[in-house]
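The chains carry the letters A, B, C and D, assigned in the order they are written, with residues numbered from 1 in each.
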Amino acid sequence: MKRLLATAVAATLAFGVPALTTAADEEINVVMFGMPYTNGLQKLAGDFEAETGIKANIDVIGQDVFENRITLSFTGATGDIDVVHTPVIQVQRWVAANWLKPITAEVDAMAVKSDIMAGPLDAYVINGEQWAVPYMAATGLMTYRKDILEEAGVDVPDTWEDMLSVAAKIHNDETAAIAMRAVPGQGFNMFIFPMVMRAYGGKFFEDYTGGDLTPAINSPETLEALNVYMKLLNEYGPQGAGNFNFAEVNAAAQNGQIAFALEGTGVVAQIVDPAKSKFADKTGIALPPAGPAGRSPAIAVHGLGIPASAKNPELSARFIEWAVSTETMTKIALSESFSNFTTGPVAQNPEVIEKYSKVHPDFLTMQADALNLAIGHYRPLLPDWPALGQAIGENINAALNGLVSPEEALEGAEQDMKDILGM
Amino acid sequence: MSSNSKQRAGATYELERGYRRMIVPAIIAVAIFAIVPLAGMLALSFSDYHLIRGSNGEFGLRNFIKLVNDKRLVNSIYVMSVLSLFGVAAQVIIGTAVAVGLHKIVGRWRLGRVLFLVPYAVPHVAVALIWLSLFTPTLSPINAFFDLFGITVPSFLTSQNGAMFAIIVADTWTNFPFTMLIILAALQGISPDLDEAAALDGASRVKTFIFITLPLLLPALLMVTLFRFIDSLKHFPMIFVMTKGGPGRSTQATNFYAYVQTFQNSNVAYGAAIAVLLFLMAALISFYVAKLNQRISS
Amino acid sequence: MGSIELTAVQKSFGDVEVIRPLNLDIEDGEFVVFVGPSGCGKSTLLRLIAGLEDTTAGSISIDGQDATDLPPGKRGLAMVFQSYALYPHMTVRKNIAFPMRMAKIPRQEQAKRIAAAADVLNLTDYLDRRPGQLSGGQRQRVAIGRAIVREPSAFLFDEPLSNLDAALRVGMRLEISELHKRLQTTMIYVTHDQVEAMTMADKIVVLNEGVIEQVGSPLELYRSPRNLFVASFIGSPMMNIIEGEMADSHQASAIGVRPEHLSLSTDSGLWQGKVGVAEHLGSDTFFHVQVEGLPKPLTVRAPGDVELQYQDTVFVTPEKTNLHRFDSSGLRID
Amino acid sequence: MIDRSPEFRVKKGLGVTMMLLLLLFAAIPTLWALLLSVRAPDSIFEPIWESPLALTLDNFFKITRSDFPSALMNSFITAGSSTLLAMLVGVPAGFALAKSRVSGKFVASWILLLLRMAPPVGFVIPLFLAYVNAGLIDTYTGLIFAYMTLTLPLIVWSMWNSFAQVPDELIEAAIMDGASLAKAFLLVALPAARPGAVAAAILGFLVAWNDFFYALIITRSGTTTAPVAVMNFISYDSVDWASIAVASIALTLPILPLMAIANRYIVQSLSGAVKG
């Protein structure tokens, strides 16, 4: 009996040993969440090893799973991550918590630096230090069904006002007019809703750029925007639109259940991809509608950073340099559905241009236009944003589904913001 | 008992010492793997630890005072109660119905038993994803099927009651087989003589079930209800996958709310305080379950 | 070998004193029966001897050696349980072999003893069956076989026949008695059935509420019960106990007379009464006679062929020499 | 007792109908997952009657090229080992709790229940921090130990019930026969409680197999388990429904034969437990 126990314990401990000793000298661990670029990068890990002799264990995990893991890895300073996927929306929080390592000098030394688009690169500058290097900038675009608009004899709506009137004309039981993300979350409805909000002049804070961080979401402008957003989804959206996330929007567009979708470029690329969607050839792309305050496409920048607890920062920096290089990016742009790269020269590669023109002739230009229009702090770049975005998203979703009135929702959102910021 | 006899190693001393030695490893395992993290949770709940802001090293009741005035906590307890009460009721009723059906109507239909067990074997994350697609009108084959006849199945996930209903359905689907197993077991423990006696007494089958079988099943029903209730307080994957707590905050059950505070709001200390509250509730309920178990088994 | 001595043995469960301090000597080779109503402590006493319970106070010695705190396995005793406690997953052979396996007795010797035991107990044909496939009587024999092969210094039987039907019980009773005659090993036997006690025992220990009421041979108990409890417990049907005036006339607070020591007459006798229910056993007939002035009817034995009708008037006369007298505390007056 | 009256037939018909409806409820999601797993990605959500032949096995081949198979292996190793360890520790403990006269049994049963109920959200962070210090993050050891908090209370509890049904006299007989406690346990009590042990092992394996939260927090790519790996099919801009369906089937398949073979044992052991 005792011997049996001892054997079992020994066997169990033995399992632990290999995993405990993975940190070899020339080896780095990269953790990213699943998107075309990261999937592509994972497949190229062999190239990196061949070039540098450094083995890169690239781990691509689900987005929901990613956030918990990263948070805890950093909290525990486990040092098990050498390069980390750094969404711009998180970087402020991570820097505030001292989880990232400043890499200004390392980035300055990179030859590729001058090729990286300035906007996304600057998004990672906080307190004068560079904290991560961007590899992609996703933006928001609108897709529309050309055939439906033609049949109804209407033009592509340029403003949200137009959208409301067009939606009223084309909406029917068979095909709903529009779908947008609705589930609560800073990366879900709060990636899409600010496109409407900012078009109407709504804002999160009194004066973000000027440094006045008094919550100002409870404004007439935001209220108007919220009413538009709600009217579109509740009256002209598909059934169950109040609980849609990108997956449902994507599926609805690909199945021809909606005429308009407002989505991130990653999803838009799938909706217009003939290999994935039967309605791709009937689908057009446009900039998100404008409002009294102009047009404000969403923007989401993703990059690579080095955790403060990383054991081999030099190796990490070499990996990042390789990962954002024109060659690597071009390879991924060609192998995956990855068009929102931030390393400039990739866009001049004829093969890349050809590939994305085939997907959709307007795709690359539209994307570039949207990126030019997007403001860097589309979602505020603050350490507390994840919490703020979660809270606002919950209130917006509550109004959308009729749990509270729009007025109450914005009031609630503002109160929640104050609570989180300790005001 | 004299102090002398207490020190004496009696005839059963060796035996009892043997028994104690058999329990010790389990106690050590429980202490290390459960008590230590629990103590950590308690310590965190009194602290001011925040993932981003760190800690000023202050300890106190602040988090618990905040709990008292937290409306979201009240909402979360309401959601948890609805999910648990209705979910467990549905599981017990359906599980019992299936068990009785398998026992009485279809007899020894082994394959049937296995078919009804399938949902129990599907991991919760997968259960949640499958039901999410079934509850999304644009994806669901159920909606598509009824559309053929011009019937529109309502969408559930966009209202509080509907979303709670959807979560309850998914939870019931994967957990009713547990009730079924236990009730089936209890049914097999009931002597068929009793049914026959009741039939001779002129009772109809329904009456026999209500007046003879059901009372005999009562201890089993009570145990299974409480066991399922215990587990249901830990609701997480269904909410996490199906509604993300929405619409609004209307399906943030307490366990999920603790998760939101801990991970989304980085407020680890407050999340721990909510967990402590949940733990105290669990302690209270499990105390009564243990008492009940003691009564049933003696 | 197999003498057992209990000195001032006492047992409490919490606040409840189940065995009051008692002394008892059991000689080597004796067949001792513990008898008493249920809850009297007889099984507890047996379990104390077995070592399955700790004594609260007092000492137990086996073969002159102190065994009070000796664990059960080391006492050299074998026990046959009420439920037989056969190991359900083992064949009869393995069940019987189990104690020898524990004692690391060589296989050849094991086989020899199993064969011998199976022969004595008529189990030879069943050695490869499992307990579940045996009848109640066969299971009982397997349990006994398992006890025999250990060659213990004493056997302990805990109500071994209570799960058998009446006919089997009589047969097994004889088998156990024969076994004792052949083995000449000490046997301690617990039962609530005084018939078993009377028919099997060399020595009966009557227990009541944790106290030994009397120890003696069956005939001693029958002839001179030490107190009212023993008097009414031993003997079948029960001794008639008479209190009040009739007892006073014998200078006792109660008198007892067995049914077989009352004579019945239709014309004359000491007490007059009316015939109640009659129980015809063939060889004997027991009449319940309602004597005037007595609260309960008397049971009277008559030869099998006596014919009396319900409500006939009869006269009952006790045999003077077989009259038992008891004082106010229930003790025998000699 | 044979009843052939029309009234009885109606009632029986109602009963059978109810059973069929319940079977439908139990089967629809399963069939749906099976269907999703063989549909071509571009028609995955089309009603099956619109493109009944758009079926493919590619989804199954695709998943073999992902990290999922190794996660499945990790699930087997960790759930299996923790069940084994918990059985080694928990079965003797359940036996002792059922048969010994130690005091504090009520408290023990309370603690066992409480551990089953305790909210993991609260103590994953302390557990995580402890694991960081002990170097147990992303190790099989760490996950196996964490799973013991799930499996051990369950196994001790159900073995306690199972052994309570083994008559005391059986153990006493073995002790009287000269067996040590360990031998009485191994040679007599354990074989007598075998259905209970099989059931406890399976239920223990199931809770560990089903775990999501612990694996999410304390594993990394090296030892991540299948339920967490399923989440990897939900990426930044798409949900890979077909792979999720295949993964769900892969996660269910190993359990099903266990269930089919062992449900008799489970019922047997539970029936004792609820009879008390």
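Simple rule for what comes next: a contact is a pair of C-beta atoms (placed from the backbone, for glycine too) under 8 Å apart; a residue touches a chain by one contact, two chains touch by 3 or more.
Predicted model, so just to flag it, every value in this text is computed and none were measured.
The chain pair sharing the most C-beta contacts is B-D.
Chain A and chain D have CA centres that are 36 Å apart.
Averaged C-alpha coordinates give centres for chain C and chain D that are 53 Å from one another.
Centroids of chain B and chain C (each the mean of its C-alpha atoms) stand 54 Å apart. Listed for chain C are residues 52, 71-72, each touching two or more other chains. Residue positions 12, 14-15, 25, 138-139 of chain B are each in touch with at least two other chains. Residue positions 5, 64, 68, 75, 251, 255 of chain A each touch two or more of the other chains. Counting only pairs that meet the touch rule, the chains in contact are A-B, A-D, B-C, B-D, C-D. Touching chain B in their complex are the following residues of chain D: 1, 8, 11-12, 15-16, 18-19, 22-23, 25-30, 32-33, 35-36, 45, 47-48, 89-90, 92-93, 95-97, 99-102, 106, 109-111, 113-127, 129-130, 145-146, 148-149, 152-153, 156, 161, 164, 175, 180-182, 185, 206, 209-210, 212-213, 226-228, 230-231, 241, 244-245, 247-248, 251-252, 255-256, 259-260, 263, 266-268, 270-276.
The touching residues of chain C, counted against chain D in their complex, run 50, 52, 71-74, 77-79, 81-83, 85, 87-89, 98-99, 102-103, 146, 150. In the complex of the two chains, the chain B residues touching chain A come out as 25, 51-54, 135-139, 143, 152, 155-160, 163, 240, 243-250, 260, 263-266.
Within the complex formed with chain B, the residues of chain A that make contact are 5, 64, 67-68, 71, 75, 93, 96-97, 183-185, 188, 238-245, 248, 251-252, 255, 257, 383-384, 386-387, 390, 394-395, 397-404, 420.
The touching residues of chain A, when paired with chain D in their complex, are 1, 4-5, 8-9, 11-13, 15-16, 19-20, 22, 29, 31, 33-36, 39, 57, 59-65, 68-69, 72-73, 75-78, 80, 246-247, 250-251, 254-255, 264, 266-267, 270, 275-278.
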